[in-house]
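Each chain carries a letter (A, B, C and D) given by its place in the written order, and its residues are counted from 1.
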Amino acid sequence: MLSANDLECVRGERRLFSGLNFAMQPGTLLAVRGVNGSGKTSLLRMMCGLLTPAAGTLNWNDREIGKAGEEFRSNLLYLGHLNGLKDELNAAENLRLSLHIAGIAVDEAQAVAALDWSGLRERRHQPCGTLSQGQRRRVALARLKLSQSRPLWILDEPFTALDVASVERTRDLIVDHLAGGGMVALTTHQEVPITAPTTLPIELGA
Amino acid sequence: MNWESLSAFIEMGGYGTYVWGSFAVTIVCFALEVVGLSVRHQHVLHERNAHHHEAST
Amino acid sequence: MSDIRWYKFSSPQTFYPLAGALAPWFGVAAALFAGYGLYISFFLAPTDFQQGEAYRIIFIHVPAAWMSMFLYLIMAGWAAIGLAWHTRLSSMMAVAIAPTGALMTFIALWTGALWGKPMWGAWWVWDARLTSELILLFLYLGFMFLHAAIDDPRRADRAAAVIAIVGAINVPIIYFSVKWWNTLHQGASVSLTRIPTMASTMLWGMLIMSIAFWLYAIAVVLIRVRCVILERERNADWVKQLGADA
Amino acid sequence: MNNTSLIDCMTTVIARDLRIALRRRADVMTSLIFFVIAVSLFPLGIGADPVLLRTLGPGVVWVAALLACMLALARLFASDHADGTLEQLVLSPQPLSMLVLAKTAAHWLTTGLPLVIIAPVLGLQFGLDSEALLILIASLLLGTPTLSLIGGIGAALTLGLPGGGALLALLVLPLYIPVLIFGAGAVEATAAALGATAHLSILGALLLGTIVFAPWATALALKIAIE
């Protein structure tokens, strides 16, 4: 369970948000909305410990995430703006190596299956540098398919640069994950209806 | 008092340039630092007042 | 990093007037000590039988060298506190100390050269202490330029703190490796370590001058930390209400 | 939850970086070629007097190796920072300092090790005898990993900063001095038949100290840099 107590974020001289409280139980969808520059990405980065808050704390099962370190990070999956792919490596290599580092052992068959789910089966031997932005995003999303065991998903604009079919696929995956007791925090501009046991809308910069 | 005269004091046993050179360097450095800081201080206050006036007028 | 928030207690706003009140006192005390120290170094200290009058340069060279070393360690200390407990004021102290420390190093190098010229006929002597002093100057410059290169003050403080700590750990290592290197190549003859046998008044003079340097450094750092506070809290309300003479 | 061990993750990081280095051999070659050119410049500058070159040889080779290591540092984290893999490293359940150690090891394999292999050939240019060349290899083998580890701290601190190259040099070169002194000193000591065991043991001590301390400092610097 991830809980935030009066979180505050300051960038340069501007305070983006403060006094933010929420608690994510299994099955909770945290939908973060707000105009550009309202601190959506900063909030998500704070939630996974990449950014230390100006004030307030974030707890994973009542232990501050800074202290819960390895235990917290082994329950977390973060998908940022950057896809985290090496241009020189092909999609399958990228997938397996990055998941391995994240703590999820994946064999070749599983990687191919995930890429197949992402509709990139026939391109899996191509270096990622030669793929389009949308295809690279789908390789990154294939990581979600293989990280079902991770309860907490933090996704920054997962649907950008995706075609309709990919958005549909990804949405279904998120819904299944939530139904299975997972927790998802995401930001998105597109209005993608996601049904979840409980939905926590967060409006930033209002 | 181990100096016969002022000129002996200045001459400093033939090492005048070096001894007075060192003291001069030190004093100049300290002076520059202190003056620089007060200028910086005034600049910040002045710049703040400028914003302040704009904000309040 | 443990996140104990001490900044409520040592907030820059409460420190600003305090520093303003203390600085003049330290300045006056520094002047008094310097006056007395100079009196000793020129009128009480005897002429050195080996070096004649030139040795009087040690009354600035040695205090400056000591100060350059101490100020670096104190700077690293403040930086570490700021890094560990996220106290902005400690990081501001570290940033305020660096230029004065660098200046002390610069003075130590210059007076070392001005002393070396009459004694050994060369402006620069690859003596272990002078060489370490030069490297210390690079460490100061590294701290200051890294801090200046980063726009966000918080990241600048924390990054500069890391290099200050790493530098502080390396200062003794650098000193001993330069000392080893110096004895290997030069032999001890040329080194400044052979300070003339110290008559008590000479030691006393150096001690008083060191205290004067200490007080001066404290006064200047307090003044500079006020500037840093003002620059960082420019938009804070309490800065806006300050009078013109604050 | 987490079924890959620390050693697995470290070997994965090393394997990934080596695989990339193989596919982009140019990077490996550039620092190596810089090393060769830099060393060859000195005789052109100083003249070809064999006695002079023999005395200067160790110092020249060591300074050039040090500069080559430093130049290659910018690459250490920059590409990972740009494509987002650095965030994955930071968010891995394994301790970041160990992953940084692995990354630095991979970086050393692609830059430090080639220098060590080429150095004796360049040493011949300076007329070093076989025993001096042996000690040159030993000192570089012990010294270059320390240079990569210390350099890692500078690379992490200057991540994404304008003018990072020169700033990286300013931060890192003063910290390189002890390694340079004992590295070059070891070769000179053998040339003067004084024996280099003392120098090599100190280089070893510096290496061990750096292995323990540098990854922790680099990890801290990385967390600060990607905030």
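Keep this in mind: contacts are C-beta pairs under 8 Å (C-beta built on N, C-alpha and C of every residue); 3 or more make two chains touch, one makes a residue touch a chain.
Keep in mind it's a predicted model, so treat the numbers as computed, not measured.
A.B. asks: Which one chain sits nearest the middle, judging by mean Cα positions?
C.D. replies: Chain D is the most central one.
A.B. asks: Per the definition at the top, count C-beta pairs in contact and tell me whether A-D or C-D has more.
C.D. replies: Pair with the higher count of C-beta contacts: A-D.
A.B. asks: If you average the Cα atoms of chain A and of chain B to get two centres, how far apart are those centres in Å?
C.D. replies: A distance of 58 Å separates the two centres.
A.B. asks: Quick check: how many Å separate the C-alpha centres of chain A and chain D?
C.D. replies: Here the centre of chain D sits 36 Å away from the centre of chain A.
A.B. asks: So how far apart, in whole Å, are chain C and chain D when each is placed at the average of its C-alpha atoms?
C.D. replies: A distance of 32 Å separates the two centres.
A.B. asks: Could you grab the centroid distance between chain B and chain D? Build each centroid from C-alpha atoms only and quote it in angstrom.
C.D. replies: 44
A.B. asks: Multi-chain contacts in chain A: which residues touch at least two other chains?
C.D. replies: Residues 52.
A.B. asks: Where does chain D touch two or more other chains at once, residue-wise?
C.D. replies: 227
A.B. asks: Counting only residues that touch at least two other chains, what does the list for chain B look like?
C.D. replies: Answer for chain B, listing residues that touch two or more other chains: there are none.
A.B. asks: Quick check on the complex: what are the chain D residues that touch chain C?
C.D. replies: Its residues touching chain C are 153-154, 157-158, 161-163, 167, 170-171, 173-175, 177-178, 181-182, 185, 202, 206, 213, 217, 220-221, 224-225, 227.
A.B. asks: If we count contacts the way the header does, which residues on chain D are in touch with chain A in the complex?
C.D. replies: So the residues of chain D touching chain A come out as 1-4, 8-9, 12-13, 15-16, 19-20, 23-24, 79, 82-85, 87-95, 99, 226-227.
A.B. asks: Where on chain A does chain D make contact in their complex?
C.D. replies: 48-52, 70-71, 73-76, 78, 80-89, 93, 97-98, 100-105, 149-150
A.B. asks: Help me check something: in the complex, which residues belonging to chain C touch chain D?
C.D. replies: 135, 138-139, 141-142, 145-146, 149-150, 154-155, 158-159, 162-163, 165-167, 169-170, 173-174, 177-178, 180-181, 184
A.B. asks: Which part of chain B faces chain C closely enough to touch in the complex?
C.D. replies: Per the touch definition, chain B meets chain C at residues 1-3, 9, 12-15, 18-19, 21-23, 25-26, 29-30, 33-34, 37-38, 40-41, 44-45, 47-49, 51-52, 55.
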